[in-house]
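Both complexes shown next keep subunit A, but they swap its partner, so subunit B is in the first and subunit C is in the second.
The block that comes next holds the complex of A and B.
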């Protein structure tokens, strides 16, 4: 995504760029949905994990289309880097191949699918029926810089930020306590 | 310019796929992965609306969600490892975890 020069007016953006963006959106979202289906349908948990990685990478690409490059970087670092490696590590550490025999829960598949269909119908009708979605934005949003985001985070959202950091610390300590062997004091 | 409705639809589709995985799959690890998928679908909505309304709050919330999701995965996987130890090295199926009579 090119960052526009400071003096360049954004209104005069060529039409071709906008169509290009839509093509890229369709490409990324098609891969993301395919990968998400693979996560649910794959027999082997390793395949699920790799498909989830692909899906999260596509979402990171979508963040760049949404002019949020910092968030895309965070997504790649935290999700694709840390979280997925954690998943793969646990998969490799524990022998889980034995569970691959039966993929789905034995009971209640049809009611679950019905509820899910209802959920999908509701989501789409409510979201697409809302007035907010139809409104065209008055102007194309500029790409946000890390400086803007950081300023906002450390002024308006300082308290939530600190709370989140404490939550991370608690999670760290909790994870260590949980996996410690009993009697290894 | 990609219409907002496309992003919202993609978020809904990913959310429903993730919910299907959580409700239908038997493997605990895959259920956790589907949870991540649902969280990510919500993040897409936040960022898309933030971009649409030219508001930074969408991205701020997305950062918070990603952080909390990371903490949640760490705790969940630690619980899973503890459970495996308790059950003598076999990964239980989702419908077999009923120690707390849930």
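The block that comes next holds the complex of A and C.
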């Protein structure tokens, strides 16, 4: 299996590998969808969080199938490793079990359905309008090595990169200010 | 044909690694007790077998035959899968670790790694981070305050120490110009990176100690104030899975230390085979970890956080800066 090596020639001509790839794609996406459903349907918030973790891991696996091992590692690092741990932390600290059984919005069923339907409509129209439906992004990440990604980030995308880091810094400082009580020190 | 052969080779490698990792804790527990014994002027295990060599087997039988209790009010499903969730990442990480240069068997070139990822180092750091889930789940599912507190402590500790660990590694990546572990080792064929990266190594070692929850950072299972931490409620084989995980993480950190800072399989002075050199170095680092355990007292929780955020993090940042200036 040469899935993890971004340099391998690919695309166009069907090989023995591409069939296997499809099997893996079906496996990963099926688990991802199942897990995503569990996130919504599970009663216990901790179970939901875990299912979300499984879902994110499957997405990372899909990134590897798309020849972007770097994105996959970052996905695991940031989403599964950091964000999910914080989720679980909060859920456990607040002992959310009792609260979660009660409805978040008492009489909110119809508005919720409406908004959900709107979102679904938007998603479907986006999907149908996209040219990615016909052509898979085959060679997008083929040549991206970590070094190249870094160079791009610090030359071509320097401004967005800096803006994002400043925003993150502001969020960080904001969180500290919010947590710090008056006269605590 | 070609594909079948490739799959076969991968399967053999996987089986080998899994087998070695599953068996490694057996000699390591014995060694740890012996080291402990001799440091405290005792003999350690002596009764079962020659110098207690069969002691781990006796322990294994004991653990296997013990009753597997699940506390009342526990989340049964999570309680059962937690040890497995903890164990899986530590096995997965070994997929990308190279154990030597390529060898040629029957005309086929075989890499001594299951998959030599180009982003190997990043992959390892990312996957190690998942190990904490097992601990959190165990703590939460047990429905016990000691276990929950232990789990939360571990969670905070691991997040805090993963950051300096990642930063400490950046110096190595800058020097080697690669995240591929085999290439990093290749870059050290002349001079080991410990020469250029003494601060990085120090930070990595300390953060690694915290990552594998060993003394002086074993706050998650501080017997004195938390029973046994997150695995208070576990018994029998499930408990032993947690123990095994601890040893495998220790081996992993030792292997990483050797690969990143001590030249991997490159030897000095003696012309031993590369694999022997590699194992020798790993064994030395493992011994160092055991030595620490019986030398240092445990830190307090606030001290632990102070060390992580106020000492190690600035140090690792300074290390990156210095490396950048010197390059």
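Note that the second predicted complex is superposed on the first by the 131 of 185 C-alpha atoms of A that agree within 3 Å, B and C clash if a C-alpha of one lies under 4 Å from a C-alpha of the other, contacts with A are read in each partner's own complex, and residues count from 1 in each chain.
Everything below uses one rule, namely that a residue touches a chain if its C-beta (ideal position, glycine included) is under 8 Å from a C-beta of that chain, and two chains touch if they have at least 3 such contacts.
As the structure is a prediction and not an experimental result, all values here were calculated from the model.
Participant: Who does A:82 touch here: subunit B (first), subunit C (second), both, or neither?
Facilitator: both
Participant: Taking the superposition on A as described, I'd like to know which of subunit B and subunit C A:125 touches: first, second, both or neither.
Facilitator: Neither partner.
Participant: A:65 in the overlay: touching subunit B, subunit C, both, or neither? Say first, second, both or neither.
Facilitator: It touches subunit B, and subunit C stays clear.
Participant: For A:52, decide between first (touching subunit B), second (touching subunit C), both and neither.
Facilitator: A:52 contacts subunit B only, not subunit C.
Participant: When both complexes are superposed, which of subunit B and subunit C contacts more residues belonging to subunit A?
Facilitator: Counting contacted residues of subunit A, the larger count belongs to B.
Participant: Just which bits of subunit A does subunit B share with subunit C as contact spots?
Facilitator: 70, 74, 82, 93
Participant: For a test of understanding, state which residues of subunit A touch subunit B in their complex under the given definition.
Facilitator: By the definition above, subunit A touches subunit B via 18, 21-22, 25, 29, 32-33, 36-37, 39-40, 42, 45, 48-49, 52, 55-56, 59, 62-63, 65-68, 70-71, 74-75, 78-79, 82-83, 86-87, 90-91, 93-96, 98-100, 102-106, 109, 112-113, 115-116, 119-120, 123-124, 127-128, 132-134, 137, 139-141, 144, 148-149, 152-153, 157, 160, 164, 167-168, 170-172, 174-176, 178-179, 181.
Participant: Touching residues of subunit C toward subunit A in the complex: what are they?
Facilitator: Where subunit C meets subunit A, its residues are 3, 6-7, 10, 75, 78, 115, 117-119, 122-123, 125-127, 129-130, 132-133, 136-137, 140, 148, 151-152, 155-156, 158-159, 162, 177, 179.
Participant: For subunit B, which residues count as touching subunit A in their complex?
Facilitator: Those in contact with subunit A are residues 1-2, 4-10, 12-21, 23-27, 29-30, 32-34, 36-37, 40, 43-44, 47-54, 56, 59-60, 62-64, 66-75, 77-82, 84-85, 89-91, 93-95.
Participant: State the interface residues of subunit A toward subunit C in the complex, per the touch definition above.
Facilitator: These residues of subunit A touch subunit C: 1, 4-6, 16-17, 44, 46-47, 50, 53, 69-70, 73-74, 76-77, 80-82, 84-85, 88-89, 92-93, 145-147.
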